[in-house]
Structures are given as C-alpha cells and as structure tokens.
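Order of writing sets the labels: A, B and C. Residues in every chain begin at 1.
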Amino acid sequence: MTAVPTAIAPAPEPFAVHLDVFSGPFDLLLGLIAKHELDITEIALSQVTDEFIAHTRRLGAGGDLEQTTQFLVVAATLLDLKAAKLLPRGEVEDEDDLAVLEARDLLFARLLQYRAFQQVADTFAQRLTVEEHRHPRAVKLEPRFAELLPEVLLTLTPDQFAEIASRTLAPRPPQPELTLGHMYTPAVSVREQTDVVADLLRTATSMTFRALVADAPDTTTTVARFLGLLNLFRDGVVGFDQATPLGELHVRWTGGATDE
Amino acid sequence: MNDLAVTAERLALRPALEAVLMVADEPLDHVTLAGVVEGPPAVVLDTLHEMASSYDHEERGFELRSVAGGWRYYTRARYASAVERFVLDGQHARLTPAALETLAVVAYRQPISRGRVSAVRGVNVDGVIRTLVTRGLVEEAGTDAETGAVLYRTTGYFCERLGLSSLEELPAIAPLLPDVASFDLQMQEELELS
Amino acid sequence: MNDLAVTAERLALRPALEAVLMVADEPLDHVTLAGVVEGPPAVVLDTLHEMASSYDHEERGFELRSVAGGWRYYTRARYASAVERFVLDGQHARLTPAALETLAVVAYRQPISRGRVSAVRGVNVDGVIRTLVTRGLVEEAGTDAETGAVLYRTTGYFCERLGLSSLEELPAIAPLLPDVASFDLQMQEELELS
C-alpha cells in the first residue's frame, strides 16, 4: 500500500506521522494502527486515540472546516471507545455501552472498507501502468474508403448548433452537496428496539421471530430487534425454541408480567 | 457442419476480420463484426479468440484484445519503447492516490453520489471527482431519486484504460473485506441511507 | 556479420516494426523507421520487404506496402467488400453527440488546438477530431506560435452543410458565457494539480 504504513517515523518520537499521501482521518487512523502494530480491538487503542486526538487539536482553526469536522467525528468515536475500555470488562448493560459498541462496529466497518478500497486503488494503479504501454490502432481511413463514406447527416439549424455550443462551452460549477454521511448517529437504536420486542412478547407471551419483525421497515431494524432479543435472553426474560435448523424461531416471554 | 467445414469457415473469416479491424478506430463487438464479414456470430467470436492467441504465439508486435466490450488492435506492451519514441502523447499523466481511491469507490459502488464517496473515503472528494470527469474516466449518471444528488459512474474509456473487457472483469473486492465487514458494510449503507 | 546474425537481428526488429506501423497514421520511410526501432536502415529495409511478402504468403487481411517511399499497413483488396460494408454502415452517416459538441467548440473558438478542446469538453478528443477531419468538416490551420500545437478550424463544407454563407452567420453565443478564459485557466490548474 502506498498510502499507509511504511512512511511512519520510528518509535522514539512520541507523535510524528509522516504519511506519503495523507488525505484524511482514515489515513491517519490506519497509519497509527499500523505504527503500533496492533489489532484495532486491542487495549493500545487508547494510545492511538490519544495521538489521534492530539492531532485533531493541532489541526485547530487553521484547517479546512470540513476536514476538521470529519476528524472530530472520528475522534469522538475513538473517545467513546477509550471510555468503554476503561469500564470493567464483561458486562455490557448500560445503554451508553451499547451505543459505544455500535459506534465501534461502524468505525471498524469503515476502516475495513476504506482499507479494501485502498488495496483496489493499488491494483488500479498497476493496471493503468501496464496498459499505458499498449497503444490502440486509431488511424485515418485509407483514402479509397474515405471516399465511400456516406455524407454526414447534419440536420441542425444554425440556432440548434449554437445551442449545443453554449451548452458545451458553459462552465459547470460544482454544485455544493450537503452530506450527513459523516454523522454516524444510528437511525435505529438497539435499546428502543429491545423495548419494542419486550412489549410485544410481554403481551403475547409467545411469538415467532418472523412475527416480531413483520413490521420492521428495513434490515437494520430487523438486525436491531435480533440484537434486542439477545439482550433480553442475557437478562433471562426470554427463551427460544427452534424445531429444526433454520426452522421457524419461536420466542417465549419467561420474565415477569410487569417491567422491572 | 463437420469440423473440417468449421475450420474452413474460420479460415475464410480471419482475413476479412483482419481487414475490418485494421480500419476501425474504436473497439468493435463480435456481433457488429459478424454482420460486416457476413459470418455466424459464434464462429466469428471463436475466430477472434484464435486470431488473438495466434498473434501472441507468433510474437507479433501487435495484439488483438477484447477491451471495453469490443475487439481492437493494440501494440504489444513489450515494444512500448519503440512505439513511444514515435508517438509522444503526454496524456498519460499519473493519477494521485486520492484520485485512484475515489475511482475505486466509484467503480465498485456505481452509480454513487459524491457524498457517499466522501463517506467512504473520509474526506471531501468534490475536486477529485471533477478531475476524474475531466479525464473522461467518470461521468454523470442522473440523480438520486430520493436526495436529488448527482450520481457518478465509470465510463467505457475507464474500461479501456484498465484493459477491462467490461466492468464484470473488475477484481472481486469481497476477499479484501473480512467476513465481519460485509455485515457491517451493509449496516452502514443502510444507516447512511436513513 | 554472418547470415545467422543478420537473421536474428531481423527477427528482433520485426515485432518492433509491426508495433510502430500499427499506430502510424502516415506512411513512414525506412530511415525514419530505423531511427524509431534503433536498427541499421539497410536491415530495416530488408525486414520490411520480408514482412510484406510474409503477409502476402499468409494471406493476411492486411498488407504492408511501400507507397512513394513510405511504408504503411493497408487492407488487402480481396477483402474490400467487408471493409466497404463496414464503412457504409449507417452509423457512419451520423455524428455522435461527442462529435457534434467538439464541432461546436471548434466552430466558436477557432483556430483551436486539440488540447484546448479537450479542456473545454473534459475528455480526450483526438479520435473525434480525426473523424471530423475525415468527414471534411474540420481542417488543420497551422500551429500555435507558442506551443507548436496543431490548430483546427471549420471548413467551407461545414458552412455549406449548416446552410451558412460564411462563419459570420453563426448565431452569437458570447453573451451567454462568463469569462471563458478564466474558466479554462481554472480547468488547467485542476489538471495540473491532479
């Protein structure tokens, strides 16, 4: 990879990232992760987080606002992750913890995706280099065939032709586009969907999973409800029955009649 | 038709195909070629493949390749130094890593808006997309029905420059993404949509 | 040099010559070719003659001919009917939108180099300009004093086809445009940055 790990300064300097080509938070984050040779799930994430946040701070007011914002979003996610690391291990009960886990999954997914595209970009560069050495045949038609060419149909009026010229010569200014893509706030909350599932089961006592997600508007909600069921199972308030592998999944409410 | 007759038919088609490909200045698909040389498309296609491999075998200075959906004569890469002493075109300026990454995202997620490319790359890509459009590698492809954002896709020239017969020849990206990621990816895309 | 060495040298030159001739638009004399493939002119000339006779012998659809001292690939007369069907095909009667746009830029900004047309249109226009020249709508008009780039202008035939008695009758479009020069400059800067 050209963009990430190789060009990072050796260990002694506490924070010095010299990337060949540095274009954004994902570059920096992958660079830091590579520098510490760590799995992104390991404990040293806190260290990466500190360095990343220090970098964000240095970007300061001088930087391009959009770029700084994107760094801040990633930094905030990392802070959440660091906070989660400081909590006692094992128990994930608090709803904030759940939010942190969701944020982590999202950030990891983005990093993996970003890395995959960087690798593809490298193969593109290689292909382009190879292809540069091949030149297509594109030559003038031999005169004897050029004479045979049918006369070109040119049925435009001068005004229509002028219109094409205006359209072609007019500069096309880039249209600003407002994106919310960098805001990772999940539209579907596992916590809310857990409540939805619990309410349904408490009333009906037993339901199939199919029925529980029948009104889910999208896959994300279905997934959130499934995760909610796992929460409820951990809390010991639901049980599962499935007669055959991949068969209908029945969910029973085994908790009390009222909440809490 | 027996094998001998098929061979004879191919032998008759080969020089006619060579003649037509010699005057073409863009890739021609085998159906168009079949119409011009008046042969069955399937036999024409076989003949084209045979021609390509015999040029390779005979170590010709040119090769016949199927690129961007059509067949066309190209010079063989091994003789690039002689060819480039002759044709000096400066149009092959290198793309920056940022441009290559953006091109990769567009290629695998097309049609896609600039906003979505930005989300994947983590930076604003407006300038880079403009460069790719200017280079003829990417073009506009209508607008998103919901958001009204302009969508982008790769061009035929992109396939040509990468030596791809079609987009289906793009290397698979899945092996580069661990299993977990495909789920997360889908999740993320839906979150972004919402 | 003994015979074997000469044969080996010719074998090495053949594919390089094939590659160069494949992209050459004009007939090339053997001295020019010798310079490009870096071989002795006499050996290059022998090699060219051998190539020509082997193409004849192999009944290729193309032949290598020396016309007025210049060598160029031509289609073989025997397969002219296929080439004619290709040339007479309906698609050659129409100009593509890309060709029309290029023609419009040339008409309103003449004399203009291919590079400038590319900058305005945002794509490589070499092939399209060649088509417009072949169709007699555009012609060369000297070179740019500064850059040496070939300039192009529309022909009298173009005016005729559009029903204009002269270029002055082209409808004015200037008022619709912002400062074109600054736009071109901006484009150029982006290309350089990329």
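In this section, contacts are C-beta pairs under 8 Å (C-beta built on N, C-alpha and C of every residue); 3 or more make two chains touch, one makes a residue touch a chain.
This one's a predicted model, so the numbers in the text were calculated from it and none came from an experiment.
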{"item": "Between A-C and A-B, the pair with more C-beta contacts", "value": "A-B"}
{"item": "Geometric centre: closest chain by C-alpha means", "value": "B"}
{"item": "Whole-Å gap between the CA centroids of subunit B and subunit C", "value": "23"}
{"item": "Centre-of-Cα separation between subunit B and subunit A, whole angstrom", "value": "27"}
{"item": "Distance from subunit C to subunit A - Cα centre to Cα centre, in angstrom", "value": "46"}
{"item": "Residues of subunit A engaged with two or more neighbouring chains", "value": "135-139, 141-142, 145"}
{"item": "For subunit C, residues contacting two or more additional chains", "value": "22-24, 75, 83, 87, 127, 130"}
{"item": "Subunit A-facing residues of subunit C, complex", "value": "22-25, 74-75, 83-84, 87-88, 92-95, 100-101, 104-105, 107-109, 120-121, 126-127, 130, 133-135, 137, 161-164, 169-173, 176-178, 180, 183, 186"}
{"item": "Interfacial residue positions of subunit B with respect to subunit C in the complex", "value": "14-26, 35-38, 59-62, 73-76, 78-79, 82-83, 85-87, 91, 93, 95-96, 99, 127-128, 130-131, 133-136, 157"}
{"item": "Residues on subunit A engaged by subunit C in the complex (per definition of touch)", "value": "135-142, 145-146, 148-154, 156-159, 161-162, 164-171"}
{"item": "Residues of subunit A that touch subunit B when the two form their complex", "value": "2-3, 20-21, 23-27, 64, 66-67, 70, 74, 105-106, 108-110, 112-125, 127-128, 130-139, 141-142, 145, 174-175, 177-179, 181-182, 184, 186-188, 218-220, 223"}
{"item": "Subunit B to subunit A touching residues, read off their complex", "value": "21-26, 62-63, 65, 72-77, 80, 83, 87, 92, 95-98, 100-101, 103-105, 107-108, 113-116, 118-124, 126, 130, 149-150, 160-163, 171, 173, 176-178, 180-181, 184-188, 190-192, 194"}
